[in-house]
Structures are given as structure tokens and as C-alpha cells.
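Read from first to last, the chains carry the letters A, B, C and D; within each, the first residue is number 1.
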Amino acid sequence: MRDSNHRRVANVGAIQGETSVANSLIEARRELSLANRIVANEGVIDAFGHVSMRHPDNPRRYLLSRSRAPELVAPEDFIEYGLDSQPVREPSVTQYSERVIHGEIYKARPEVMSVCHHHCAAFMPLLATGTDYVPVFHLGAIGGIKPPFWDQHDEFGDTNMLVCKLEEGASLARALGPHWMVLMKRHGVTVACTSVRDCVFRSVYSARNAEYQVQALAIGGAIASLSPGETQLASQIVATTTGLTRSWEYWSMRVAKAGGAAAKPANKPAKPVRATSKPTSKPKRAPKARRR
Amino acid sequence: MRDSNHRRVANVGAIQGETSVANSLIEARRELSLANRIVANEGVIDAFGHVSMRHPDNPRRYLLSRSRAPELVAPEDFIEYGLDSQPVREPSVTQYSERVIHGEIYKARPEVMSVCHHHCAAFMPLLATGTDYVPVFHLGAIGGIKPPFWDQHDEFGDTNMLVCKLEEGASLARALGPHWMVLMKRHGVTVACTSVRDCVFRSVYSARNAEYQVQALAIGGAIASLSPGETQLASQIVATTTGLTRSWEYWSMRVAKAGGAAAKPANKPAKPVRATSKPTSKPKRAPKARRR
Amino acid sequence: MRDSNHRRVANVGAIQGETSVANSLIEARRELSLANRIVANEGVIDAFGHVSMRHPDNPRRYLLSRSRAPELVAPEDFIEYGLDSQPVREPSVTQYSERVIHGEIYKARPEVMSVCHHHCAAFMPLLATGTDYVPVFHLGAIGGIKPPFWDQHDEFGDTNMLVCKLEEGASLARALGPHWMVLMKRHGVTVACTSVRDCVFRSVYSARNAEYQVQALAIGGAIASLSPGETQLASQIVATTTGLTRSWEYWSMRVAKAGGAAAKPANKPAKPVRATSKPTSKPKRAPKARRR
Amino acid sequence: MRDSNHRRVANVGAIQGETSVANSLIEARRELSLANRIVANEGVIDAFGHVSMRHPDNPRRYLLSRSRAPELVAPEDFIEYGLDSQPVREPSVTQYSERVIHGEIYKARPEVMSVCHHHCAAFMPLLATGTDYVPVFHLGAIGGIKPPFWDQHDEFGDTNMLVCKLEEGASLARALGPHWMVLMKRHGVTVACTSVRDCVFRSVYSARNAEYQVQALAIGGAIASLSPGETQLASQIVATTTGLTRSWEYWSMRVAKAGGAAAKPANKPAKPVRATSKPTSKPKRAPKARRR
């Protein structure tokens, strides 16, 4: 306060910058919390499974809830992890054991901004029989044609099936390769995306497609999949139409109706997050609001 | 006010006429909004799909919601379109991309007053395998015996599967032909009807029938369809019994219970709409309430 | 009032008798209303289908709601019918078209006190394929082993499939014969019972059994039905255990939770109704409360 | 009060001990009530089926609700039974008829602290066809590989299928043997566990696994079960991760949302119960709160 006018202006700017970063993080946490609640409310996840996001201001970190059923996850439940899936600060709460799924994918794929791991019922018949996923309608194109399978037993033998070790996560990330969905045989599914909302969209509509495909298989007819060209074009629907905005509003309202959302749904997506986003001006002394 | 008695009476008449037209439109919008919410609440539609109606006062126009999940559609969300599927006034809100489905059917079929396009889960196994729909109980007769299939790929090759171009909509309308339901392979279903309530009834009960048929196929027995004569007679149930009134009251109350209806359900259908309805007395200067 | 003491006492007695009859009827209407709401809430019935009861004071009459979805039926919605399925008084409201199903069964089977007609989804795969119902668990025994099938087409050729004519109802009642459930091919199910609560129990648990049987058929294994001896013994569970009381409390609370019950569930069944119950003392001038 | 200081201290100690025992029992009843509501709310149990626990202070006794649908069971509904399945005090309320299922398992297996008997829909296709249960994902490991089948008919011929006699319960307990789940052909399932929360977890996730397995069988592919090693390791997840705490919080909140929980969910499990827990200091004159 006793400083020169110049310094004071600079200070105000710094504070505003920090505030803006903090606000963006608050918004990101709110959106990620809602994302968790949506996938739960839409039946993709029950007590197990989780949606994470890359940290909006630091691509070497990601946010994942403390050990809690996604339907209950609140904005303040997120823990900040390094890409080694170790918490930046040792939390006083319990953690998910399968967080390496997230960390290893963020490490291997810089363009991935959000990851969802789940055991959705719709997929289980495919995962139990090793049946390939194919898109049977346009919205299912988001899962790709025959996305890769991964079986933990192949590389690690008998385990408790949880993906807890760094090498297990790394193996899964290798299986994912350049794809956006990997099927974990006799376990579940992991979906990677370029934003939190895309991640929810891909998780929900690949699950719907799996449900329809399983029922189609049950009636025994030959399944007419989308062609590679159709799959490629239809997988862009989320980016080229108003469908994602429409879905997000719909899902948010359904969460609210189900009594699960304290906060009203955000009108627009949280600040776009890029792996190449420039570092904040004060990386060493991050504003308080960024941690808890 | 300073005019002759005669003129004032005439004026009052004109105002009353306009008011009555406006009221009928308000009622129509309310009914169409409820129709959208019902098909959503009954599981026929999720975030994608829509119910439209031909404009009650102008058969060359139709009403379709702005881009919004049907469960959330309110009476003020409808945009007025010409049969070329262009908005009469450029709206400030986003629009559905597949509106040509509606426009081209209204263009081709003057007796069609309402159209529903959806991707109901119950139909997807049939659409994924190209299995014909057959009525397996009386209420399913409303879908006809083996209604036509349409596959966008046949005429247009690889697309993103959305029916967005006029020629795509026209192709679909040709496939529909004189029928009331057309199955869109690897995509969804489009239903045409002579009123909004009929459209909801046909959409819901054809979906129920599809669900039962798929389960019957899954147990492998030979399906005993209704005969052509039975199908013809049973498809009239909606017109000849109290079933439609009963269903509408039931579905409206379910929407209300689910917390989705702001307005209380109308006691009677909105003013019957005919393609041949005489034009309003003042087509050039439509009352304000008709647009927004 | 000016009469002798003796006469006044007699009068009071007459009034009390009438009141008691009226109370029993009020209770019966309340129970029948709840029965309709329960079968709807348990997914046995949607907008179509109905539960009736024989009139508690007159075995030549029965009570059936006006044309209304069962989930909405209130105690005052019941119309009194003769066994010819004609209303005792011409009602000012619309009526169900399939009431002869009820009337003809009450005519043919004096011990039947309640009838439910429905198109429950669980049964449709059996009805669409003509697959026999068999009990696959103890509570399914209530439907019997391979209850009779009836197909309206056999006797009446092409119809709209609704059972509206007396001869159609009589044909169905003949198919039912001494059984308690008849499967109406490509249409639905009719269940007969000795009380309203039994009727709900039989409707719900035969539907659960059908659901399980259909899923068992879908996985292709040989179905191990209950033996005839087990079926006979297990079908008595409802009469010999506390299961019916427990179910009724459970279903009533579920209706209440779903926001569907204005009245609190009755603690005990309505006055037992027997076809042989002695006529009321004043059959000619039934108390007002009995009609509406 | 007029006694020596020493005696008074001793008295206070005794009172505190009693209170603590009583509190532990109150907590146990609350947890067992919630357990019943959870399995109901998660669709494992409807009006029939029950969850019991061994008495926290007396391994020769167990607690089981009076005859009531589990979704409605309150802490004060539990009756205290001896291992002969006779009530310690004759209750004024009706009792479940199948309580010997619980008593005979507690008698045969001292380490079993909680038992759940149910007829969950997910299992019925397996039970109707005698198809072996296999774990198709890690959480299904809790049911074991091919747990034993029991058919009441084998030993007892035609019955009403209810397990009501001591010898029927003992036969079932023998079939269970050292396993944690026994499949009752053409009837239901019984699950044994080392705590109430484990029992809920095992009941819910074995049911989910059965659902997935049945759907996998319906699409006809060869099922890839967990290996014996994986099954062994994955069945420990509940004991070695935060999954049980997470699930319990999730299920409790779902019960609360469904309007079924008067009490707020306990933050921690009720006092661990061991068959070897030392008897209370005053077995002869149990504190009032322990009985009702």
C-alpha cells in the first residue's frame, strides 16, 4: 500500500490474474463434480468408477475425487495429483486405488484432458465374452469401431483385477494407444477425451450403444455396424452440432431432479483446457483457492 | 373509439378473432410442449429426438422446438418454420439440425399434422439388424405390419448419419410413402400422425411393441403377429375408444409427478388442426402472440 | 321421533345397519382403488388394464372404475355393473370397453371375487410366441402350471382384439375354466381371485415369474419348473403365511412414496366378500352412499 | 448412594458398561435396519427376503426383523432368536416363516455374523436352469466360482418350497458348507458373511454379477470367468480397499433419497461383532434397552 502507484497497479493486476485463475479452477471443480454426478445418474457408474480432468493450469497435474461414490462427489472433494498419481499434498482423506488409470493416460497422451473409468452394466456382456464393440447408431460412433481390448492377466497374471500399480496403468495406456476408449476384459471400460463434457458424452453414448448392441446380439440377427466413413463422420457430431450443449443441459437437469445437484448447472463449459496452456505467472506460490 | 358504432363492433370482432387465433396457438404450443415432455418421460426420447406439429393456422408452416432436450421443452421454445425448414424469422437461439425430417414429411403428406423423430432404445435391436417390426399385441398395431426401412447410406453414401439436407429429408419422406412409421436403419424411427396426441400414442405404443417383439425374438419362439385384418382394425383403437384420452391423462400426470410439467395438463386436445383449415382473416399481419 | 320408544330403537338399528353396509362399501372402494394403483405402480398395468371386484353386498353386481388409468383411480371412480356388464345407473362418465372380461367371469365363477386384466410387459414374449407359462420359483406357483391360452381369432376371426362383446367375454371365461389365470395370445392376461388382495398378489407374482422365465429362456438352458405337487403347495403360500399382509403393506407404502396414494393404506382388508353373503336387509332401497 | 465411595465408583462403572452394551445394540439394530433397506432399495429384495445378524453380545442368538418387507424395517422391528430359531421372548407380532435359514447357518458356522436370504431377479434365470454362477468381473468374485446349488426337493420331496423346518434349514446349511453363497434352485439365494456391511456388499455385487452373466449368456459368447487366483484375490477387495466404506455411504444416501431412511447413515460400522466376544458382565439381567 505504501508502494508506488505503478507497483500498486501491478499488484492489482496480479491479484486479478490470480483471482481469474482461481475462479477458473473453482469452475473446473464444479464442472468435474457435475460430470461425476451425471455419469452416476445416467447409470454409467455406481459406487465404483470416476471421472478426472487434467489440471486447468498445469498439464503435469490432474484432479480426481477422494474415495467417494461419484454421485456424491462435490467440488471440494478433488485431490490434485501429479502424473505419477501421487497427491501433490498428502490428503487427510482416503483415495481411490485405481488412480494410475488416469495418471498414466495423461502422461502418455498430452491431448487427453479428461478420463472416465467405469463398469457400466451395458458393457459387461461384451467384456465377459470378449465381444468387439461396434457402433450400431450414429451416437455410438463416439466409441469407434472395435476399440482395443486389454486384459490385465496377459501381462500381470493373477491379480485382484484392480489397476493400482504404475506399470499396470502404463500397460493400459499402451493398449489404449491413439484410441479414445479401451475395453478392460472382465473388468470395465476407460474412456479418454479432450474435455470433461466430451468425456461424459462419450461415456454415456458408448454405453447406450453397447446396450443396443447386446440386445441386437441377443436376437441373433447380423449386426449392421456403421461403416468406417460413417463412424469417422458421426464421431464429430459432438463437436459440430449443438448436441453436446443440449445433452449437458438435459443431464444437469436430471441430476437436479434426482436431488443430486447442489449447484445449478453452469451455462457454459469451464474455461477450455489445453495441455499447451501457458503456465500461470506465479507457479511457485499458487493462490490459496487452488489447493485445500 | 371516435369511430361509428358499426366500426367499433367490427373492430371488436377482429380483435376477438385475433385473440381466438392467438389462444388456439397458445394452446397448441402448450400441448406440443407437453407432447415433447411425455415422450421423454416415457423413455422414447432422451436428449435427442423431437416432436413437431403443423402450424394450426397455416398448413405451410410447422412448429419445432429450438435445440433443447424434449424433456425441457416449454411452450415458448417453439420456432415457426416454413416447409423448406427455414425459420420464418431468424431465431436468436440454436436450432435442431435434423428439422428437414419434419419439413419434408409435412410437404409430402398434407394430412400429417404431427411428426416425432426418436432413437428409442426399444427399437435399436431391430434397427441394428434390419429386423422387420410386426405388431405382437393390439396396441402395437399402430405401427403397422413391416413398416418401411430407410438407410441413409443407400442414396447418400458415407454421412454423419444426421438427416440435415433437404434431399435427405425428401428421401426419407419418400421411404415413408403412405405409411405412418419409417424405420431408419442404424439410426432411429420417424412417426407421422394426424394429431399431436396421436403422434405421442403411436410413438409410445410402437416402442412398447418393439420392446416386446425384441424380447420374444430373444427367447427364440416363432412370433405370432397380428393378422393384416386385425392390424387394420386394432390400429383404429385410438380413434374409436376412450383409450387416447385415458393415456393422455395418465402420461400427463406422470410428467407432473416426475416434476417436469409447469403447466397443468389441458383437459381437452388443442383445437383440431386441419391442413385445409381456412386461413386466418389477417394473414399479412399475424397477431404478435403468434411469433416471438 | 313421536313414535314409541321401541320403534325409535328399531329405527336407530336400521340406520346403524345401513351405515355399516355403507362403511363396508366405502372401505371396499378404497381397497379396490389402492389395488388399481398398486398394480400400476408395480409395472403390471400402464394406461390400459383394470382391477375389479364383485360387489360386497350383491353378488350379481361388480365394481369397475370409469375409463381411467389405474394409477389414477380413486374410490369415487367406480361404477356399479350388473353381470351383463351394463351399468346399474347410466353414468355421466366414459366407461372401459373391455368390461365384459370381468362380467362374464363373475357370471361363470361364483367363487371369483376379483378380476384383473392387464398387458404386463413381462408376459408379452410368452403371449407373442404362445410359450407356456411355468412356475420357476415358489411365488410363481400362483399362476399354475401351463395355464390355458385363449386366442380371440380362433372363434371370432379378425377383430380389433378388444374383448368388448358379451360372447367374446363368455368365450374367454370358458377358456379360463376352473383355472385362475388365462393367457390371451397376442393381447394380455386375465387373472381371477377370491379377494382383491389375492388378485393383486397373483397379478404381481405371476408377472415376476413370467419375467424370470423369459430371461431363463433367453439364456437357453432347460427350465426346471416346480413339480405339480410343489405348485399346488406353494400356491397356498398366500393363504397360509403372513406374506400377503407383508406384501400389501410394502406395495401400499411404495404407492405412497411414488406420490400416488391420497388415502393412507387400510390396516386390514376390507370386509371379506362372499358370493353367498346374505343380502342386506333393505335390498330395494340401497343406501345412497352405495351409488354415485 | 449411601454405600462407600468404592462401591459407588463400581456402580457407576457397571452402569457405564451396561450403557455401552446397550448403545452397541442400538447401533447394531440401526445398522441392520439400514442393511435391510439398502438391499431392498438396490433391487435385491422386494417384499420377501431378509437380512439378519448374530447378536453383538451373545453368539448364541441372532436378530431378525418381524414379518415385514425389508424396505420398511426399523431398528425396533428386530426380534431376538436363539439358534433354534425360537424367539427369546414370545413376540406379539408376526414372524418370518423362513428364519431357520438364518439360525441353522449361525449354528453351523461360528464365523458367520450376518446372513441375507433373497430372490433377486438377477439370479432367477440361473436358479431356474441350474446354471452355475461364475464371476465375470472383479466385484463378482465375492460370490466365488460355481458356489454350491441346493434343491429342497432332493431331500424333502414336494413342499411349498419355503425353508421352515429345522431340518430344512440344516440341510441348506450343509449345502453351504464352507462357502459364502448357496444357490437355492427354483427358489432364491442365501449369502453368509462376517459382518452386516459385508453381507450387503456380497448380496448386491453377486446380484450385479449374476445380471451381467445372464446377459452374457443371452448373447451366446463363451464366458471368460475370473481365474481361481483372481477370484481369490479380488474377493478380498472389500477388506483391503476403501470400497466398502464408499459403497455404504453411496447406498445409504440412495436410501435417504428414496425417502426410506429416517435415521441418517452411521459414519462408521457398528461395533465389530465376534463370535468369541466376551459375554457381558450381567448376562442374567440384561439392560432394558436390549429387549423390547
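One rule holds for everything that comes next: contacts are C-beta pairs under 8 Å (C-beta built on N, C-alpha and C of every residue); 3 or more make two chains touch, one makes a residue touch a chain.
This is a predicted model, so every value here is computed, not measured.
> Identify the chains adjacent to both chain C and chain D in the sense defined at the top.
Of all the chains present, none is in contact with both chain C and chain D.
> Specify, for the interface formed by the sequence copies chain A and chain B, whether it is same or different in terms of residue numbers shared by both sides, with half as the dividing line.
Result for this pair: different.
> With centres defined by CA atoms only, which chain is the most remote from chain B?
Computed centres place D farthest from chain B.
> Hey, how far is the Cα centre of chain B from the one of chain D, in Å?
51
> What whole-number Å value describes the gap between the mean CA coordinates of chain B and chain C?
36
> Touching at least two other chains at once: which residues of chain D meet that condition?
Residues 218, 220 of chain D each touch two or more of the other chains.
> Among all the chains shown, which pairs meet the touch rule set out at the top?
All chain pairs meeting the touch criterion are A-B, A-D, B-C, C-D.
> If we count contacts the way the header does, which residues on chain C are in touch with chain D in the complex?
The contact residues of chain C facing chain D are 136-139, 141, 208, 211-213, 215-216, 218-227, 229-230, 233-234, 236-237, 240-243, 245-247, 249-251, 253-254, 257.
> Quick one: which bits of chain A touch chain D in the complex? Just the residue numbers, please.
Where chain A meets chain D, its residues are 46-48, 67-69, 71-72, 94-97, 119, 121, 124-125, 127-131, 153, 157-162, 185-188, 214, 217-218, 220, 258-260.
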